[in-house]
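What follows is a set of structures for review.
Presented sequentially are two complexes of chain A, the first with chain B as partner and the second with chain C.
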Partner chain A sequence: MSGRDDFIAAEPIGKIQLMTAIILFEIGSTPMFLLARDAGQNAWISMAVGAAAGTIVLLVLLSLQRVSGEQDWTEMLLSRLGKWGGGAMAVLYALIFAYESMRNVRDFGAMANGTILPQTPMWVVMLIISAIACYAVAKGMNVVFRTIELFFPFVALSYCTVALFFFISDLPHAYRLRPVLDQGLGQVLKHALPELISFPYGQVVVFLLFWKYAKEPRRAIRVSLTAFGLVSLFLTAMSALTLSIIGADFAKLVAYPFLEAVQLIHIADFLERLDIFVTLVIFLGLFVKLSVFYLASNVIMSRLTGWSGRTCAIILGPLIFGASFLEPSQTFHIWLGLKVQVKYAWIYQVVVPFLILVLTLFAKRKSAHRSS
Partner chain B sequence: MKRSSRGWKLILTLLAGVLLGGCWDRNELNELGIISATGIDWADGKWIASSQIVLPLSTMGEGTGKQLSVAPVDVFSTEGEGIRNAFRKASLETTRKLYFSHNQVVIIGESAAKHGFDPLLDVYLRNMDAREDVIMFLTSGKASDILRQISPTEWNPGNGLRKLIEAEDEQTSRMRAMNIFQVISELLGPTQSTAIPEIRLSGNPETLSSVEALKRSKLDARLKLGRVGIVKRNKLVGWVKLEESSGMMWLGNHVRNGFVPYNCMGDNAVRSSSFRVIQAKTKATPYLDGGRLRMKVEVRAEGAIEDFACPDDLSKLDVVERQEKYVEEGITLLMEKGWKALKKLQTDSVGFGTRVYERYPKLWAKVKNDWDEQFAKLDPEFHVAVHIEGTGSSNPTISSYQRKP
Partner chain C sequence: MVFRRKMRQAGTGSFAAGGPEAQPATPIYSAIERNIAWIENLVGHSADLVIRAVESPSSQNRVLILAYMDGLTDQTTINHHIVQAIQQQAIMGTTDNMDDWLTLLQRAIVSSGSIHSCAYLEHAVHAMLDGMCVIFVDQAGVALVAEASGGEQRGVEEPSTQGVLRGPQRSFTENIRTNASLVRRIIHSPDLRYEERLIGRRTRTRVGLLFMHGIIDDRILQTVRNRLAAIDIDGVLESGYIEEYIQEKTFTPFPTLMNTERPDAAAGALLEGQFAIMVDGTPFVLLGPVTFHKFFQSPEDYYQRFDIATFLRLIRYGGFVMSMLLPAVYIAVTTFHQETLPTLLLISLLGQREGIPLPALAEAFLMEMTFEVLREAGARMPRAIGPAISIVGALVLGQAAVQAGLVSPAMIIIVAFTAISNFVMPQLNIAIAARLIRFALMLAAGALGFFGIFAGILVIAVHVTSLKSFGVPYMAPLAPFVPASMRDTLLRSPLRSMRKRPVVLHPQDKERRPREEE
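Coming up: the complex of A and B.
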């Protein structure tokens, strides 16, 4: 049951595309929130711990890709768990990824509503962004990756500029990060795992769908690790920077700590109110995340059903958009994210791939025994 | 096939552009009442919110030299049981939508400050259009009186007030410019106290409310900075004088540029000489002295002598060294004054508690509940080191030169 490969990816994904995709995907909307903020001024250490754990997860995923050879996640599931077991699991994954995409659509709408377009109805914004994502995904994997590659310089430049402005405005103060580890490593670990794997580090599991289509598999491994390392450094640094500007107590009070920090930038009496500028960059991150999840779901569906990527996109798009209305309120959305998804997502991100890895290794050993 | 789909794409793109560009959210400039300063008072169980709207017709630039026949600002006061409520009631009187994003200054009247102004801080945190870098002022009396004053040099009085305190903070460092973010941070921090400058009217208040005032060159009344209000847990607990505030700036490591009056004879009599500070750093270190908590305050300052009232010859090194000692005494005197004032009010608004928390977290957990009393017992020791970089462009003083045979 090998689906229409040429329809999924007309040409292999380049190194840079893979790198920028992983980086922008992992960054996503993360800088906006201060993750692990219950750890107080040590939240950035939690981020570092989470990143380290995430790297281990990535290594597991990459070795799974390596031993499975020319297979993407759907094919792996089908070969290990059989037609029905694997199929069911794959459908489950398609639904999970579609849900994740829907979460980002909802976040997009909520953020637009809250910051820049308070009177435009949320469904209008979400419809437009879903339609754009649908268009991109329908055009194929290469289009999506190319778009992400195009975004990268802008996003990188923006974050660098904002960091520069922070320092010019003399905003970060190291004393706000003290006392370091006042309640010991335990407190930091408690808030890091497993929450930080579920969001954002473990979400890299999505790339199990894409690594097959990368140019050179061995290079892909190195590229992915480098990208992940860079992102980990970036996210940890951003966390520390935000904390050193606004302080732990303030960060616990407000919804968007990074935004508060950016609002404090005042340079030469005219560079003020840069929060809009930063919101734009977060929007790009959200879009990358939602497109990638959407694409992943699309690839699974296309491979299972044998339909073209375009057809599946047109089916999935409205589904994702429509699903965003199933949540009754913003509070529910946040509750679902914080209390449910973050607590259990690591199961589908880490445990299942690990099991499949074990199964694959067993199967390989069996066939090696048989041939010897 | 291709041509019709291209048309559709164009239409859809334009539609998306219109919707996302914010046409649904448009704010027309001539429908907005741009507020440049706000004030809060408390009377009879209700909040009184005052807003100062800038009238765009009069904002034709600062140097036009045209005589204004209309006052450039308009002030409304409305009352309500909640703060946001009070502000919204202003819409009953005004034709424009109140736009707070350009608000530069918020003034809190004494009654509101003594009652506790945390509802105000909460409103600022919760709303997206209220920025947290608005400068805060306290005033004895009513905030609405301050808002009604027009300043001749600034067509936008809110902006003028902001520049007033920022200049003070940066150039003379006798008090700090406090914006809402800093106030909230300090009120949330370990010491839960802060200090907010006072703005007041001096002179005859009647003159400043009318446009006639702008036609005269010497004003009978001015807006000026006065004392500093000490705030503990969202309530005003007392006022300190300018010199005490100066000392507090030194204690809290907030001095950027400033001047220290000192006595060049070293007898602390009349402090007629002045030392200009170029760089200053204060380090407050808590330490345990046999189980008792004490604070060591070390100051390093660099600067130049800008006003010298003694006949000594400043070109001699030993004279300069002696002057350094006298300046050190001058700084210590300021810090002692600041310390005494804070001790009397039993409020730690200079961050000593934060230092204890950073150095001895476990000890802090034990003392933080009665920190106010512990703070008053601290008995800090002051170590000041001053380095005089230069003594100005002239030496010796005129009168000492005249005395030479």
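Coming up: the complex of A and C.
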């Protein structure tokens, strides 16, 4: 390994690290929003359909990783599309990932503003969170992954506790999920594709940059699939749970349906107003997502320029923070994210990797021909 | 600077400034008076240097001169085994050949524990300052160095800072050899290795490295040897000096080496594949590599029933979290997030704060600082004044502050509980980390409420996961997660089930005992 690789990942990523990273990354802030809420009480079925589609995306990505062996996404692009084409593509991806990271920073600010810190200016929260992400990313891939691993038990425990509290408080009622599929599968599909691939399932594309560093590449495939399956199940369940507590009609009206559901928890006159703690747990997911995107962008930049990961992190951090102010308003931010981006993001998440996969297979066949 | 230049000119050589491994330059003169004059000049005619001439019946014409430091040597050894032995010896035969006679002197006459000859005056002086008796022989050109060290030493006593209810009640002392022997008395194995080197240009302190051959990972051993060898320092007064020089990262509140004054703790660490570093002159022995969790484990955990030990361990973790977070959470709740509290509790809290002139952050800072001052005073003041401090602390500062309406009673409870929970850690230095972080988190909570605490914890988490102790990740076995080590991290499983040594230390011999024996 070269010195740069040493910095990026001095140690291989263990299978538990990979698993927890995929799970927390995919969870991100997703439970906070009720995705595909236009599908009404069937939103959770859309989530499941999206997860199934996401699994196909993941399979494409994993097979690409498998045929490319010891390469990460940047190297794949460079070796398939040549120095200039691949380089340009890699820069584009670095920008996309930085943009995704920026979106999360922005979400962070907005969410903090809307929940626990209504009087603090958004930029303070955003500055703090970008600085922490920069600190983590500058420490290298191992530190980011280990930090995620460290937080995983808390996040898992928190969600389990919340789910338990829901049931203790006798909040979920199945009738709110009925009628099931009243407008047929078509309506569900319409809301699931491609939006739910673009966010959150397809975002797993970012792991193309990290699978290379997994300890056992063969097992990494299985681990990734398992993690993805678990997190799909979790997200679908959370969606169904939220719907069954507050109902589809109310969920359409509020900004954070999950928090509304959590606020209904009331146990023994003591456990109430848990929404603040749940918000913090969501923040943790958001932080994981933002720092993994940041890290991905960082890894590409470091590979292309040859600078150390630390330098790249210090350059990228202010860029990401600064770029979050380019959007004129929160309305624009939401419009861009939930109306525009979700329509097209799947192209970079699936289509391009699929094309690269085809190219790789062709190239392999050609070289096999030549050698035989 | 001026002083140093003078020193260099005045000295008889570059002796004083040379490191422990400096090359000797002055061979021993054959004229005995020159040697004595050289030494006397070098130590500046110190009052505690004893020069004593002896004559031996076995070699009529020769003069022997003993040189030793009073107080570093044992008078009985010098009187009986060196002086009397030389003076009274007549039976063993005589010889005029110098070499033969020196051999005779070494083998048959002087009867102290060890004796060897040395050819350089520098070596002789060092030996003398280590408590040896140097024997100069006229016209010989060499000197004999006889073991005679002794003098006043503190005996083995009870551990004063790391007590246990059940377990051995003896502690390391200031004598490094006693300390090594205390470990040897626990591990009767030839695999227990002890390496010694001198560190400190002027103090020339003995520093011992103890490890279990065949268990400790070679890479760890090599790393610690290299780091010890690289230390270049004027003086080593305590193992803290060594700790600062060999730890990976200086700018962190978290200790990456552990210290103990308990031989059983050191022995346990060695058996797990850690090393121990002993420093002459301090009872605190360094243990490494350590992970975060080691600081929450007491040797007593293994002497007690596993269930109670597990419970106590969890209490310690809880105490750590409490002592870091409690005041910060109080500040966050009372200033930012009153709605998180159940209404009755909130009314009671706010009722207490009614009329308090200070904001919660200032109130908490004031009381925490007060406690820190009390604590430091308790550690520094002469023992006789102890009770006075507790009266001042408990009554005047606590009770009176509440009655005067300066702070709320709830705040006193918070501070008291924070303080007490800080003391449940078996290791003082991790408790100090929690104390420092507490203040940072209080500020963060005062500025941004729960989000501030959240951000603070994130920073700490990133920081601790980036730490390493001799190549071992600090947060292992939680991050990276090692399922096999979970038996002895947060929990303490029954001894029978802990068949393996900690994986994160990469021990050569992975198992404490083979499976067949089960």
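Following the convention adopted for this analysis, the second predicted complex is superposed on the first by the 369 of 372 C-alpha atoms of A that agree within 3 Å, B and C clash if a C-alpha of one lies under 4 Å from a C-alpha of the other, contacts with A are read in each partner's own complex, and residues count from 1 in each chain.
One rule holds for everything that comes next: contacts are C-beta pairs under 8 Å (C-beta built on N, C-alpha and C of every residue); 3 or more make two chains touch, one makes a residue touch a chain.
Note that the coordinates shown come from a computational prediction; the quantities given were computed from them, not determined experimentally.
Engineer: Between chain B and chain C, positioned on chain A by superposition, is the outcome a clash or a fit?
Structural biologist: clash
Engineer: Considering only touches as defined above, state whether A:I116 meets chain B (first), chain C (second), both or neither.
Structural biologist: both
Engineer: With both complexes superposed on chain A, which partner does A:Y159 reach: first (chain B), second (chain C), both or neither?
Structural biologist: Neither partner.
Engineer: Looking at the overlay, what does A:Y99 touch: chain B (first), chain C (second), both, or neither?
Structural biologist: In the superposed model, A:Y99 contacts neither chain B nor chain C.
Engineer: Of the partners chain B and chain C, which touch A:W307 in the superposed model: first, second, both, neither?
Structural biologist: neither
Engineer: Is A:I246 contacted by the first partner chain B, the second partner chain C, both or neither?
Structural biologist: Only chain B is touched by A:I246; chain C is not.
Engineer: In the superposed arrangement, which partner chain does A:Y348 touch: chain B (first), chain C (second), both, or neither?
Structural biologist: neither
Engineer: Should A:H266 be classified as contacting the first partner (chain B), the second (chain C), both, or neither?
Structural biologist: Only chain B is touched by A:H266; chain C is not.
Engineer: Based on the superposed arrangement, let me know which partner A:V125 touches: chain B (first), chain C (second), both, or neither?
Structural biologist: Touch status of A:V125: both partners.
Engineer: State which residues of chain A lie in both footprints, the one left by chain B and the one left by chain C.
Structural biologist: 116-117, 120, 124-125, 128, 132, 273
Engineer: What residues of chain A sit close enough to touch chain C in their complex?
Structural biologist: Counting only chain A, the residues touching chain C are 11, 14, 16-17, 20, 112, 116-117, 120, 124-125, 128-129, 132, 135-136, 139-140, 143, 146-147, 149-151, 269-270, 272-273, 276-277, 280, 283-284, 287.
Engineer: What part of chain A is in contact with chain B in the complex they form?
Structural biologist: Counting only chain A, the residues touching chain B are 114-121, 124-125, 128, 131-132, 175, 178-179, 182, 246-247, 249-250, 253-254, 260, 263-264, 266, 273.
Engineer: Using the touch definition up top, name the residues of chain C that touch chain A in the complex.
Structural biologist: Within the complex, chain C touches chain A at residues 336-337, 339-340, 342, 448-451, 454-455, 458-459, 461-462, 465-466, 473, 475, 478-481, 483.
Engineer: Where on chain B does chain A make contact in their complex?
Structural biologist: Interface residues on the chain B side: 12, 16, 19-20, 22, 24-25, 101, 125, 128, 131-133, 181, 184-185, 188-189, 357-359, 361.
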